[in-house]
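Report on the following structure.
Chain nomenclature is as follows: A, B, C and D, assigned in order of appearance, with residue numbering initiated at 1 for each chain independently.
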Amino acid sequence: MKTLNIGMIGYGFMGRTHSNAYSNVNHFFDLQYQPVLKAICARNEERATAFANQWGYESVETDWRKLIERDDIDAIDICTPNNLHRDIAIAAAEAGKMILCEKPLARSVAEGEEMCQAIEKAGVPNTVWYNYRRVPAVTLAKQLVDEGRLGRVFHYRANFLQDWTISTDLPQGGEALWRLDVEAAGSGVTGDLLAHCIDTAIWINGPITSVTAMTETFVKERTHNLTGKVEKVGIDDACAFLARFANGSLAIFESTRYARGHKALYTFEINGEKASLAWDLHDLHRLQVFDHGDDSLIRGWHNVHVSDGDQPYMDKWWVPGLQIGYEHSFIHQVADFLKSLESGTPCGPTFRDAQATQIVCEAVLNSAKSGQWVNI
Amino acid sequence: MKTLNIGMIGYGFMGRTHSNAYSNVNHFFDLQYQPVLKAICARNEERATAFANQWGYESVETDWRKLIERDDIDAIDICTPNNLHRDIAIAAAEAGKMILCEKPLARSVAEGEEMCQAIEKAGVPNTVWYNYRRVPAVTLAKQLVDEGRLGRVFHYRANFLQDWTISTDLPQGGEALWRLDVEAAGSGVTGDLLAHCIDTAIWINGPITSVTAMTETFVKERTHNLTGKVEKVGIDDACAFLARFANGSLAIFESTRYARGHKALYTFEINGEKASLAWDLHDLHRLQVFDHGDDSLIRGWHNVHVSDGDQPYMDKWWVPGLQIGYEHSFIHQVADFLKSLESGTPCGPTFRDAQATQIVCEAVLNSAKSGQWVNI
Amino acid sequence: MKTLNIGMIGYGFMGRTHSNAYSNVNHFFDLQYQPVLKAICARNEERATAFANQWGYESVETDWRKLIERDDIDAIDICTPNNLHRDIAIAAAEAGKMILCEKPLARSVAEGEEMCQAIEKAGVPNTVWYNYRRVPAVTLAKQLVDEGRLGRVFHYRANFLQDWTISTDLPQGGEALWRLDVEAAGSGVTGDLLAHCIDTAIWINGPITSVTAMTETFVKERTHNLTGKVEKVGIDDACAFLARFANGSLAIFESTRYARGHKALYTFEINGEKASLAWDLHDLHRLQVFDHGDDSLIRGWHNVHVSDGDQPYMDKWWVPGLQIGYEHSFIHQVADFLKSLESGTPCGPTFRDAQATQIVCEAVLNSAKSGQWVNI
Amino acid sequence: MKTLNIGMIGYGFMGRTHSNAYSNVNHFFDLQYQPVLKAICARNEERATAFANQWGYESVETDWRKLIERDDIDAIDICTPNNLHRDIAIAAAEAGKMILCEKPLARSVAEGEEMCQAIEKAGVPNTVWYNYRRVPAVTLAKQLVDEGRLGRVFHYRANFLQDWTISTDLPQGGEALWRLDVEAAGSGVTGDLLAHCIDTAIWINGPITSVTAMTETFVKERTHNLTGKVEKVGIDDACAFLARFANGSLAIFESTRYARGHKALYTFEINGEKASLAWDLHDLHRLQVFDHGDDSLIRGWHNVHVSDGDQPYMDKWWVPGLQIGYEHSFIHQVADFLKSLESGTPCGPTFRDAQATQIVCEAVLNSAKSGQWVNI
């Protein structure tokens, strides 16, 4: 068994999901590599130490540059706010470290491009945590499309709906709320939520060629946690866009944090000539499948409980009917990343794959500003 | 076009559903017969007249014996409380009238047997309004079973759950509430609700051979509308039973008016070697179908919207996706009854078919009293 | 009881739904007016006569101008293809007839405006059959919004998805397929399906102020039934648009006849500060309601079975739990139209209301051509 | 941090779920104890060693008696087939070890009673892995009932439906299929599946006082893996029973491995005067709640996505909307067991709690044989 020494930067929500993935992957997957939780890095040493104790990290760093310099670190995992992705990734690449970077890749296409070039120049293994690709039902959707079961695709539609920022009392910025701070996040729902929808869409349905978009900031000012002052809100609270894919299909995408009743409802549906598929994150182990080839008397959407051994990843877990959850998508990505080290083939989405999503996100934001269709 | 002159006895809930069926059937079905609303009969002349005006009945009677004597009446429709079914049906049969009788057939097996013999002696066309057989999704279920798509049947389960009698303030007896009066109704949920479940079950899955049951009366006393006094409640508020069918399958049945949250939830499910089916009345145009022959990757319950032209009765209505409702099951029964007059074949469920259900109901009530399994 | 003599033009799908509504309305609603099926008008006399026999129309006309001239006709019901709406409506208005016109009002804003002016000049009662307003669950949605239960509205989204034109073998034009013929229909899914979505949206959520749209014609050529030749398809097979409402909410709308698996799936959802609502036509008696005011432990979407007596229109029908269907929305519209004659207040949607939808439809089609946002 | 040295006996399906629980519990729960995977014990040394490597067990034993003798083991976890539960548990209790025993407690009431007495005499902490109590939605159901939100309870119904033994080609006995071998398992679905339903029911709804049952063995003979011969099948393939609870409510229970289309569908529903609850294992993070106190216009079953921080256990996991899975119920039980060591209060279900379920199971099997109601 070879070890892969992980240096993790950040201990927030994503720091937990990744740490859990490293801790569990070898219990369920037969792999040549075993991740080792070598170091956690964050500016707040006390909290970083507490996190290290909880998860079993062997050491703590407070300066990410020092972490990157360490010889005993094989891979850097970037779980910081988006505004640090570029600098860390470029430094890590230059130091020859593998990189596992949280999504979105960057705050802008320009940042992303620098990162891609750095990593390509360094030739280091890399991946971006668009984890939903590896929810078994989503992976199955990809497989069904790739097998040609849908035939020509006519429509794609995706939503990512939340409701947690409706209150005007919610502040912006700082540790827990950097996603509301445009400086730290780069954008609002577009980079945070639509980026997931776009990554899945491109992966399953191919390139997007043009978009027209609208955005809105419903709450215009919020207290900023870092300054203590009421400041203008710079992010997009909601974003919707129309799109055309290279394969001729039409699409609608929408995301918001103002859809009362939806906690984290990522949905997509794809309509093909022969079949259709639909999925949603709130019941993530279900894939809805319509097969026009069914006997017409009993034709209807199949409500598929994706928990059988012949369905993606599910041979690693329990028995049919017993579902796994959100966190397992990260375990699957680590497993695939480790397997990619064995095989030498990249583990998608790579930085370059994630940059394709970045380009669409930026086109969407540009279109929202200009009111024009933007070609990609 | 031949006319079929209807003499309706009773103007309650069922009087309305039947009148609606007679009024609409020729708009949607191509038939040789056309029902004519010749007379409505009820003791309360004022209300009967109002009903006649609303529905277009040509005349009003206040004595059902007079109605039966009339030469211009071809068919008697019995919509009275259960305690009048026997006398009316026997008199109508003796007068050579066709009979359409509300369910349950009678208050007891003994009453039902007298009715069957009378009608068989008279040789008149007859049917009992177990209308749920003709909800398209239910009819489709029957068709799929008859085609052998389920293979050997292992399990049958059915519920009829309501919640409208939970309040202890609800009185019993009288016009609107005769279903709570054991003298008028014969029994509680067993005859009112389980009778539907049993009729469907026998129709689809064959004879029931043995049962063991329990019943309960949760509210022991209620004010009686006819006497104004608080009186003992004689009906069963809830009833559940285990059963075995002649085909070797096992079954559970349950009914209650104390299932908070269910207005009129009749459900059944049937599990076979090769396929399973499930249906519920609250979303009556849906049939859930599990086909084990499906490709295992996309195997799951088909959520079938029974609204296509190749599904039972649906070629008569609108276009795919547009549903019909509860009342249409009665229209379908009238259509089938009229067609049975053309063909000379009986229109099930006949009195004799309904008597099979009566026998099971009585066995269930007897078992609940004795605590023993009862063979049928 | 006053009579209202109906002259119906057209005997297709809508001719049936309207005839059914006139036939049944007085059985369920207490009204001062009773519609009388005085005359059916269509060019094909044989079929018109068959239709008259099936539904009980007293007479047949083959020239709609003659029908309009008849003194014994009070109201003209227009169920023709869209290209005849204008001429018939204007002539009927000039003749002082009431008008009940199928949707969409017209093929264009210009046609619609002429019709509105004619009817306003004539001062005759009028309504347009946007029937979905009167599905009880939809009416309930409107009521809940009007009561202020949602608070500030952030989002509206609506779809109308079908799959019946995917086959390239399907011809266009002629009696059953005029909806695929741009000359007869004016547009494709925009006027046929999105018009419903827009009517409901404006009714519930107020005016739309701007849109950006895309359309697509997936099958470019089809045999034309009238010419027998393969001809260019002029209609939009699919249309999606982004919109902003005057109340500040954002919206997405989509319609297509290429969404495999959806027969006639009209859906809408509205997200407010305090509550959200969702509905779909395939299970039309259900309204999904999210109430943020619920105790957080049991907060979740209420799956409301709209069949209780205190819910819109449902006191007229059966008992709780027993659903009505698609056709009843037309019965409700007739009931409301007849009541409007009693009260003298208009029965929405009037021609002028329907023209507001026409204006949005045309803006959508213009935007799809220009690629620009269009203000309304 | 105190350590709790675990000695695990058995490495099958349950060996994995428990090992996973011990490995993860301290990452998510703040506890004074930390389980240490000290030893795995199984007769097949090679497989036991492989399991130890996969999960990080420090040592391997092949004789459970030797494991129990070891001083460095604090707690024995029994994951063997049921026929070994008694001997191991009694020996472990006598050795003063804590015991965590897989369900069902034993093959019979007699075995279970011996075990209870041994453990009570020894006074050691103990628990039985009826894990479904700790699915957050199930725990929430218990909480809502305990808060009195349902009022008087009228009905309880539970099913556990599977379909994996329908094929007659499936053998019985041996490592993977001991559940089909009556000698190893004690009974079929009654002890394996209904035991879960009964444990939950008693926990939530109180004692069961009487039952009447039926069982069936659909496939009468199967090849035995240990003898290689076709042998009689001794287990119950299906079991259904009626029951009465001490609180006056009625119940139906059913379990089978012949319900085509259901992989592992454990469901329960409880109907009270004021509210009702329903849950199913296939979508385990959902609790359906009907609250009669809701405004009647929007009254309907709440579809509660149990993933918020104020719902049981969910403050330990991710963010609202992101679900956990089956395995987490075991993590929760370990957390509660470790907390019970801190507090000194027992961690239910204890052996004595599990014996109550054993008593009902045996009454059910006896009733099925005698055809009589059995009091408990």
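Just so we're on the same page, a contact is a pair of C-beta atoms (placed from the backbone, for glycine too) under 8 Å apart; a residue touches a chain by one contact, two chains touch by 3 or more.
Computed from a predicted structure; not experimentally measured.
Engineer: Going by the touch criterion at the top, tell me which pair is linked by more C-beta contacts: A-C or C-D.
Structural biologist: A-C
Engineer: If every chain is reduced to the average of its C-alpha atoms, which one ends up farthest from chain D?
Structural biologist: The chain farthest from chain D, judged by C-alpha centres, is C.
Engineer: At what distance in angstrom does the C-alpha mean of chain C lie from that of chain B?
Structural biologist: Spacing between the chain centres: roughly 36 Å.
Engineer: Between chain A and chain C, tell me the centre distance in angstrom, where each centre is the average of that chain's C-alpha atoms.
Structural biologist: Roughly 42 Å, centre to centre.
Engineer: Using the average of all C-alpha atoms in each chain as its centre, how far is it in Å between chain C and chain D?
Structural biologist: Chain C and chain D have C-alpha centres separated by 55 Å.
Engineer: Hunt down the residues of chain D that sit against at least two other chains at once, touch-wise.
Structural biologist: Residues 262, 301, 305, 308.
Engineer: Assign the assembly's chain-to-chain touch graph to one of these shapes: line, ring, star, complete, other.
Structural biologist: Shape = complete; every chain linked to every other.
Engineer: Which residues, counting only chain A, touch chain B once they are in their complex?
Structural biologist: My answer: residues 140, 143-144, 287, 289, 291, 294, 296-305, 308, 310-311.
Engineer: Could you pull out which chain C residues touch chain B in their complex?
Structural biologist: 13, 16-17, 19-20, 23-24, 26-27, 54-55, 162, 164, 262-265, 281-286, 305, 307-308, 317-328
Engineer: Which positions of chain A touch chain C when the two form their complex?
Structural biologist: Touching chain C from chain A are residues 154-155, 157, 161, 163, 166, 212-214, 216, 218, 238, 240-242, 244, 248, 250, 252, 254, 256, 258-262, 271-276, 290, 292, 301, 371-373.
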